[in-house]
Amino acid sequence: MHAIGVDIGGTKIAAGVVDEDGRIIAKTRRETDPSDSESVDRGVIEACQELAAEHEIGAIGLAAPGFIASDQATVLFTPNLPWREHPLRDIVAKELGSDVTIVVENDANAAGWAEFRFGAARDVQDMLMLTIGTGLGGALVVGGNLVRGTWGVAAEVGHMRVVPGGHYCGCGHEGCWEQYASGSALVRDAQSALITEPARGTRLLEIAGGDADALTGPHVTQAAQEGDPLAVELLAELGRWIGEGAASVAALLDPAVVVIGGGVSAAGDLLLAPARRAFLDQLSARGHRPEATFALAAMGNDAGIVGAADLARR
Amino acid sequence: MHAIGVDIGGTKIAAGVVDEDGRIIAKTRRETDPSDSESVDRGVIEACQELAAEHEIGAIGLAAPGFIASDQATVLFTPNLPWREHPLRDIVAKELGSDVTIVVENDANAAGWAEFRFGAARDVQDMLMLTIGTGLGGALVVGGNLVRGTWGVAAEVGHMRVVPGGHYCGCGHEGCWEQYASGSALVRDAQSALITEPARGTRLLEIAGGDADALTGPHVTQAAQEGDPLAVELLAELGRWIGEGAASVAALLDPAVVVIGGGVSAAGDLLLAPARRAFLDQLSARGHRPEATFALAAMGNDAGIVGAADLARR
Amino acid sequence: MHAIGVDIGGTKIAAGVVDEDGRIIAKTRRETDPSDSESVDRGVIEACQELAAEHEIGAIGLAAPGFIASDQATVLFTPNLPWREHPLRDIVAKELGSDVTIVVENDANAAGWAEFRFGAARDVQDMLMLTIGTGLGGALVVGGNLVRGTWGVAAEVGHMRVVPGGHYCGCGHEGCWEQYASGSALVRDAQSALITEPARGTRLLEIAGGDADALTGPHVTQAAQEGDPLAVELLAELGRWIGEGAASVAALLDPAVVVIGGGVSAAGDLLLAPARRAFLDQLSARGHRPEATFALAAMGNDAGIVGAADLARR
Amino acid sequence: MHAIGVDIGGTKIAAGVVDEDGRIIAKTRRETDPSDSESVDRGVIEACQELAAEHEIGAIGLAAPGFIASDQATVLFTPNLPWREHPLRDIVAKELGSDVTIVVENDANAAGWAEFRFGAARDVQDMLMLTIGTGLGGALVVGGNLVRGTWGVAAEVGHMRVVPGGHYCGCGHEGCWEQYASGSALVRDAQSALITEPARGTRLLEIAGGDADALTGPHVTQAAQEGDPLAVELLAELGRWIGEGAASVAALLDPAVVVIGGGVSAAGDLLLAPARRAFLDQLSARGHRPEATFALAAMGNDAGIVGAADLARR
């Protein structure tokens, strides 16, 4: 059965028709105004209508950022859109017809599911996916099932505490994993290094156009790929926190694979090698158990579409 | 269908016939010599034979401490018995006959499963169970399924790291949750308080017979129940670590209930109230989500028997 | 002998003639443009000339923020003025004449010295002074001598590390004491509490005019003085960090008194009582040694003038 | 003027006549029974009498472990001897005569003073000395003066807290520097590594005779000197904690040199290089200030004798 997957972002919507093997056979997109809730609804509906006009569709999966109610019909809260307790499924169903299954899913869960079904974790039953962008998101698969939690807010991996009294987090707590293992942490650490070790930061500063405030995660990755020792060290430190946090998750869930996605994962082995090393260093009962592997996400930017479609089909 | 559950401890074996409602309808036990692997095997076999002679049995669940292979037939490693890669299922099957299903399960998992099916978590689908004895063990149920992990070593909750560079743990790492939320931690903290605040420790020391080295967890609980301020504080501190760690687990798994069992849970609300408070203080996205409840384990010392039997039946 | 003390701030200069008992017998001030280095020099010179015209002066002490070279003539670096390697003593001496001793001193050292000579620590030989304003500054007196260090940069108490991997500091490091024991920390923690415990924050938010971003340290103190439980707790937490850090200093220096000054000290016992308690809780070898006392600074805003004058006289 | 210095240990007493240049011109020693207070007194007296018979002596310095009262006459408390509030000076003076100045000093202070006057810190005015043996002791010189503190218990450097909630310390607190930067920490970390990384620990285990419990600090140093990667790493980790803690002390005291002594300092650059690197990494205001140097202690085992004698002379 073919299904539509829709990935709803802050300023644009990407949608596609996905076959049973996770391949996208048609695709469309819409720009939206994130301050206008109705324009986003309309974008979702139009994209689905366009695709459904040309393809026979059995299900629609809508992936949105934020908290999704456990009925998988309502967006409870989403950071970059004005939706609060927004009955997205029913709004879409009214226009698309009720003969097609429609489900709403958290976007990180959707992307993680795509990796589990068709990507880096397709051969295992237990997966930790970490999406390392500005923040740290993720998804969990346990025994072949997506972990949604009692109220649909599981897999908020970025808010596991890793340092008591540690860095302030936007969530109001201290020491959240996200503050140590994310693009924002990478930039902040790089800016700190420019203060404490200016002599080692010349290349980084140059790439940032001479302005430490303009420094970005991709700047650090670029410098590291050129071999800049400070940048390599900064990515290794980020990788260390990824690996150590993942070891705590592994003590709980014993996954077969840790999938690393998100923008920062473009650093590849500069990030993965230290993450893996730190994971093994901290892994409980090492030597008495097999060890999870680390893999880069394989589904790219389409993961949300593919995962949402596939989850809707189930 | 009736099933036998066997709870294999260091020095004794307890076994029972369990009906489909989790009730034990017959029970037996054997003393064993933990240094003699064969005597333990024999104890298990005899206990099962005794019960099977009087009851019609459809399955046998064997709960053992340590790591159980994912085939649920082999005990990989267990701390207090000489078993290493021990094919327990086949040894028992050889004597009991192969017409009855036999499974081997980790004892904490078995106890947690009993709470999930018949005890403190019987009405929910997602549970974190914490067994607070000398160490910190536990069990996880996600979406109604017991979490065993890829290699059968999930739910090693005590080895989630809560303090980088924190207390040494017997596992070789630092800062494991077990070193902050266990009976051993309670005793160690009490002994530290006797050094730094001797004036407040007079009652505790008295209960311990005047010897700080002889202090036990139950001593602290007794003093707290009498209202001794230091002992109350020590249990509250232990509760705080339980709650804060549970908040990290909740960020990952969003359980409906946190079940507290094990010897230290005898402290009841002296432990639970501060645990609950700390959990809520640290809970990610509090106010935007429902909140897990805390409950004392309800199945008592029979939890291992009941859970092992019920898991074998599935 | 009378001496002039000058307290050089970001936007104004306060100067006074100080007698041998630490009393100010004449006073003047100048507004300055902190972006214009010369205007600050001129302000200092004019203030001194005005006072010297009416009083017989034996010495001049100039207190400036930032790093002072160990020759006590040059301001190496100061955060709020454009001075870098600025030969302040010689600039002033050129106008005031070389028959009067002129010394340049760090402003926190000057204020601390005033407390030691005439204020809260006048009866002891070993003092830790903590100035808790936006940041955390301080001064140290050991064996009756002001601690300047080898290069004049001692008593940077705010940059002692108290949490590895802790809060980011403007200095480029993590976990500096200043990030836990300062007005900025107080505000940041209050804002975090408004996110995680909004129900308890209603009074605080009201005092801040309904805008969490507008919250200040004095708002928290006001609410605490009214008895608001959250505000009381926030000051107690700040006090805890003050006391615990002071215990580390006491392990090194064994002071007789810890003097608490700066704007946040207006909270009085709401801050001091928890600071004292935490200090004693963490004090090394407690019970085998006498214990330092905590006292509020007694010299008020004139401390810089008085201390600078007195140091110049020595 | 010549002076006698006496270094009182747990099982032996070493004494010497020291000239004004810090040279020992005569030496003697006594074995003592640490459980017999009087035998230690007698040993001290006899050693002094023996030396005074042959040399003209102006002063006697007695260096003892533990807390010395600020009158420098009384040993308040010492861990390895039965002395409590022991009037050592008067006991010795009664036999040696009152025409010679006698002072009692903490042994770590005495050793540090020897380094300051004649050894690794002889050219500076501000020094941090760290004595890294089983525990972590030390001495502080500020502005050319030994720091004794208000009650004689300053320079308990090992009990500065470096990790909140960190390793338990014998003093009853958590996270003391001593638990991260001492021979005991080295051994404990090595034993942990043998658990978590047995494959890398083969050489270490071999040196320890195959018994992890028999491992000592010198074993680790030996393996590191042979180039064993794990041992090198363990010493580097120890060095990191030394350097990071020293950076906190430097924020307070701005010393010119950090002197590293004690048994563990035998590791030389394997310890010093990482200590120096970590110190610079964590040094506050680095780049805006000169940087302290690190040096190995130069006075060897005689430091206590030389320092005690020299302090008595002042």
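When the chains are written out, they are named A, B, C and D in that same order, and each has its own residue count from 1.
FYI, a contact is a pair of C-beta atoms (placed from the backbone, for glycine too) under 8 Å apart; a residue touches a chain by one contact, two chains touch by 3 or more.
Just so we're clear, the structure is a prediction, and the values are computed from it rather than from any experiment.
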{"item": "Between the pairs C-D and B-C, the one where more C-beta pairs touch", "value": "C-D"}
{"item": "Between chain C and chain A, distance of the C-alpha-averaged centres to the nearest whole Å", "value": "46"}
{"item": "Whole-Å gap separating chain B and chain C, where each centre is the average of the chain's CA atoms", "value": "52"}
{"item": "Centroid spacing, where centroids are CA-atom means, of chain C and chain D in whole angstrom", "value": "34"}
{"item": "Shared-contact residues (touching 2 or more other chains) in chain C", "value": "163-165, 171, 173, 196"}
{"item": "Graph class of chain-chain contacts, one of line, ring, star, complete, other", "value": "complete"}
{"item": "For the chain A and chain C complex, residues of the former touching the latter", "value": "163, 165-168, 171-175, 180, 188, 192-196"}
{"item": "Parts of chain D lying in touch with chain A, wherever the complex brings them together", "value": "164-165, 196-198, 281, 286-287"}
{"item": "Interface residues, chain A side, partner chain B - complex", "value": "67, 76-77, 124-126, 140, 142-143, 145, 147-164, 171, 173, 176, 244, 247-249, 251-256, 282, 284-285, 288-290, 292"}
